[in-house]
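First chain A sits with chain B, and in the next complex the same chain sits with chain C.
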Partner chain A sequence: MAKTFLPHSITISILLKESIGWARQHLFSSFGNSILTITVFSILWFFVPQLVNWSLIKATWVNNPIACQVNGGACWGLITDKYRLILFGIYPYEEQWRPFVAILLFIAIMLIVANPRFWKLWLSSLLALTLAIIATLMWGGIANLPFVSTDRWGGLPLTLILSVTGIVLSFPLAILLALGRRSKLPIIRTFCIIYIELWRGVPLISVLFMSSIMFPLLMPEGITIDKLLRAQLGIILFTAAYLAEIVRGGLQSIPRGQHEAADAIGLTYWQKMRLVILPQALRLIIPPLVGQFITTFKDTSFVIIIGLYDLLSSTRVALSDPQWQRFYIEGYLVTALIYFVFSYVMSQYSQYLERRLDINMYSK
Partner chain B sequence: MLKDEIIISLKNVNKWYGTFQALCNINLNIKRGERVVIAGPSGSGKSTMIRCINCLEEHQSGSILVNGTEVSNDIKAIEKVRRDVGMVFQQFNLFPHLTVLENLTLAPICVKHISKSEATDIAMKYLERVKIHEQAEKYPNQLSGGQQQRVAIARSLCMYPNIMLFDEPTSALDPEMIKEVLDVMIELAKEGMTMVCVTHEMGFARTVANKVVFMVSGQIVEINTPDELFNNPKEERTQQFLNQIIRH
Partner chain C sequence: MPNSDLFKISSSEFHRWWNSERFRGIIYQLLLVMTVLIIGWILVANTLTNLDSRNIATGFKFLDREAGFGISEHLINYKPSDSYLRAFKVGLLNTLRVATIGIVLATILGIIIGIARLSRNWIVVRLAATYIEAVRNVPVLLLLLFCYSIITISLPLTRVAFNLFDRIFVSNRGIHIPSLIWDINSLIVLLTLVASVLLSIGIGYWSHWHQKKDRRDFPILLISLILIIGLPSLVFLMIGAKLSFDIPHLVGFNFTGGTTFSPEFIALLLGLVIYTSAFIAEIVRSGILSVSYGQTEAALSLGLSNIQVLRLVVLPQSLRVIIPPLTNQYLNLVKNAPLAVSIGFPDLVSIANTAINQTGQAIEGVFIIMSIYLIISLSISFFMNWYNKRIALRGGH
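Here is the complex of A and B:
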């Protein structure tokens, strides 16, 4: 209240004093910190103006490659010209509303799945249904939707299909593998160990390569399985092996007493796992779990080597247009931004989830 | 229901961990309604013995009969035994991700398939008996050790067991909380529950036990009424052990 009546000069001097105090405390608290602050600021001083200059001031926003060369800055016209190719790949142009709706459906279902309030049995049915709708929408061939073969799917929807389906289907498989690896039955345990170690022993790129080159050779003549489906299967089986080890880590950190108490009150093995052990184990492993989800999301870009047009490959296709060829930095920057947004949201979500579930379990 | 019916019977039970023999030729009969306290120095196989009764540990030879069922590897037999036998642990072992009420209703709903509202009624009845019904919606970690152990007792009782096993139920508690747990156990004894308790609470043994089983190195050394065992131990090892506890 009193502050509003102070003359300006005094208000400013108070502000100045406060900000000097703040800077001393947070930026120059010791000799080492002062050096660090000065170094960081000089680096920013050097790069930020150049970046702003290139990406905003000297940038060209109109769809004209010649103008770009004259201005010398970033050429965002590439994006306005090619954004549909980047986002949807070579999906038939007039049908691109379908992958667009697919993206919206993906985002909607992910928002629902992310909310712990909806973690009920019906959610898995809803998830399966949504994935089925997305697949139907993309494929077509029914109602008035023309059929679009998976060769022409591409861009962001393909990346989302591969990663979301990969994560959703590999997760239950991973839980079974992790439980199997701790099983007392030697056959099941050996099988799970061999599976996990074999898949973890090869890089994803070779898995995809095998799925596209080797697998058809092993199939009987006349039978072909869709290339996308094969890649998807490879991603699921590969991710499951990694997730299984993360889940096993969680299972091992649950004290033996929890198993014994569940046994003693008469729960069966599956009831014990479903109701007592897994709910506790899974919340302990949220950070590495989400880390693996992010890795899987980004790793789907490897499908470029088997000729599928995911977000990264479709960007490359967009850049193969001779008039835009030299502006690849702009193209890849935008693609990177899309990857970043999805990954960052997942990472933030992991932290939110940890806090939220922790409050439930240990609230004092 | 016969008064003298034998409800737990161990015959020549042996158990090894590798080459270490944890139980040697255990023979013990417990009648319905009897309260038995198992005493002995640590590492004498007390806990191992009662954990064999509900098959948390497997015995390698001899036979254990619980309420007419032979304890074996057979899943059906294990299920039957565990429905008859409740167990309370030293570390409480409540499920930290479930509320107190959910801890109690879990097994009745999943194992006995009774409705949620009925299970809640039973749970609230037992929570009132252990004087903790106001905390039904809290999580275990919000309760004190003594309260948690009383919840654990109530959790076992919700399954209407014929037999209750107690594995050092007060050993992890602060001294001021021991009484509230023992009071609940004394109450239970008065109602005629068959109880087998591993405990160092000799006062409790004197008050409620029909007999005290004294064990050393996996063997039963002496079985007697508390008065006889505490006042005139027949065996030297019993005497030594009692001297050690009483000196404290």
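Here is the complex of A and C:
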């Protein structure tokens, strides 16, 4: 507060002195450091103006590839032309408000789930309800909504469906596998170990391949499952193995005394797990769980290989248009930004949770 | 007393055989075995009917049949008339080539960025952090497709390729570099190189033993460098500086001669290396941070130089934290290699996919992929575990 009464010239000189001190400490602390700073700055000096020039000054905002060629800058017209293809894939054009609402619903439910205040039992029902609403919305077939088959679903909603459903449905399976791996019964333990290690040893891409090639062979004759469901099943079975190891980590960090106390008051195995062990263990594993969700969110892009049109895949389709082909940087940049925003927000959130957990642990 | 009566009932209830933990355990396990068997039996039966109706014979006999498809890149000789087995071998070698080079490059880049992230220089720290956050939060496939587009769309045509000293050419058909022609001269130089590497390893062991005896540090790194670079150059000059290279040159619309790295290979390699390096950088950073600053201060007060502190005190301790997660990153890189399919690089999975489409031998093909990947994953973890044991604290936990 005292500073406000000083004459401006003095304030400025103090600020200047402080910033020179800061620069000396952080940029020019030694001869080598000074050289490094100057080199980096000169590289930035060269590239940043070019970048600004390309992305803003010389950029073309209208939807016209020839104007883009003439101006020579970024061609954001590509996005105005193709944004609906990138975001919604080949979903019927007039019906695209439905995937748009689906995206909003996804963001809303993620914000609710992220809030520790709502971590109650009813949350899982709300989650299931939202997923059901989204599925109905996308499929249609009731109440004036025309039916849209899954091979026309695409874009961001598909990415979100595959990853959110993948995590949500693999979670119960993961809990069973983790409990099984720590069980005293040898056959159950061996079975769970084999399941977990087998899935963790193979690439997700080959799992997706397998789901698209092998499922038709495994099914009874005449019954076919559509491609999306097959990929979804593959993702669930695969993610469950990774999640199981995370859950096991949580189970291992619960002290023995908790088990003994639960046994001492005569709880059965399932009561003990449901009422004592799991509520504590699951709270601990939320940060790594979010990390696994980010991985799944990014890795659903692999479905490009079995011909599903998720966000990345539909971007690629948009860029295969000959007149826009040269402007792939703009297309991939925007898609990368969408992935980045989701992943970055989630990773910051998981770091926040970790700090919060730390505080809770130490304050006890 | 009514109370003791109640107790009696519950205790006898407790001892009924169907309430015993042992019996229940057996029942649960029997149920699991039966469920697995029934589901397995249904699936096998379905598969057999399906295979029968499609006229596909099970078994690995198809591996001897003629593959009939061309493969653009092969480290061993391959032509379409070769067998499926040979095609699988070509694919496996391509996967291993990408994985090995990728692991080496990603480790080097990751260590550089991880150390930059801890630099005392503010701007370097910010740049490294931006790189890590930007790369970690986008899918590896996006990086890969982006690299592929850069190479195939933005690099110049072969006629106007980037030209480095008329020896190395960079065009939208890939990178073309000169290759060594095998003759007696190149063999001698190569043998000297191998000999000097072996010699410096020997000196390393000797100095380690020597150092234990009289506790003096030996400039092993400097001496090995002089040996490995100097000795072969000396031999090279002695034989009259004659080494023949096959230099790439433009014939028609493409380069011939020399060694070519195809756009698919480079894009796959770049995508995997960039993505994995960001994760390795974070691992290196947390590993170095895990060694408390007191260790550095103690080492400095003993009079060790900055380099010695890093080499003798900080690195050996941080490696223990770094190795286990690093193993996971190596495994991830190998497991992401099948993304090659998306740009048409003939790796193991992409060749298996072609073979499955041609023969319908889905189960055998998937079995081959899965078992090879399991073998690769297990050998990487085995090697890294061995290394981890070697550097772990002796006699400690």
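Quick note on the criterion: the second predicted complex is superposed on the first by the 319 of 364 C-alpha atoms of A that agree within 3 Å, B and C clash if a C-alpha of one lies under 4 Å from a C-alpha of the other, contacts with A are read in each partner's own complex, and residues count from 1 in each chain.
Convention: a contact is a pair of C-beta atoms (placed from the backbone, for glycine too) under 8 Å apart; a residue touches a chain by one contact, two chains touch by 3 or more.
Please read all numbers here as calculations on a predicted model, not as lab measurements.
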item	value
Partner chain in contact with A:37 - chain B first, chain C second, else both or neither	second
First, second, both or neither for A:293, with chain B first and chain C second	neither
Which of chain B and chain C A:27 touches, first, second, both or neither	second
First (chain B), second (chain C), both or neither touched by A:302	second
Chain B versus chain C as contact partner of A:184, first or second or both or neither	second
Which of chain B and chain C A:238 touches, first, second, both or neither	neither
Partner with the higher number of touched chain A residues, chain C or chain B	C
Interfacial residue positions of chain A with respect to chain C in the complex	26-27, 29-30, 33, 36-37, 40-41, 184-188, 191, 198, 201-206, 209-210, 213-214, 216-221, 294, 298-299, 301-302, 304-305, 312, 316, 319, 325-326, 328-329, 332, 335-336, 339-340, 343-344, 347
Touching residues on chain C, where the partner in the complex is chain A	25, 28-29, 32-33, 36, 43, 46-47, 49-51, 53, 119-124, 127, 133-134, 136-142, 145-146, 149, 153, 334-339, 341-342, 349, 353, 356, 362-363, 365-366, 369-370, 373-374, 377-378
Interface residues, chain A side, partner chain B - complex	255, 257-258, 260-268, 271, 275-276, 279-280, 283, 360-364
Touch list for chain B against partner chain A, complex	54-56, 79, 82-83, 85-87, 89, 91, 93-97, 106-107, 110-111, 139, 141-142, 152, 155-156, 159
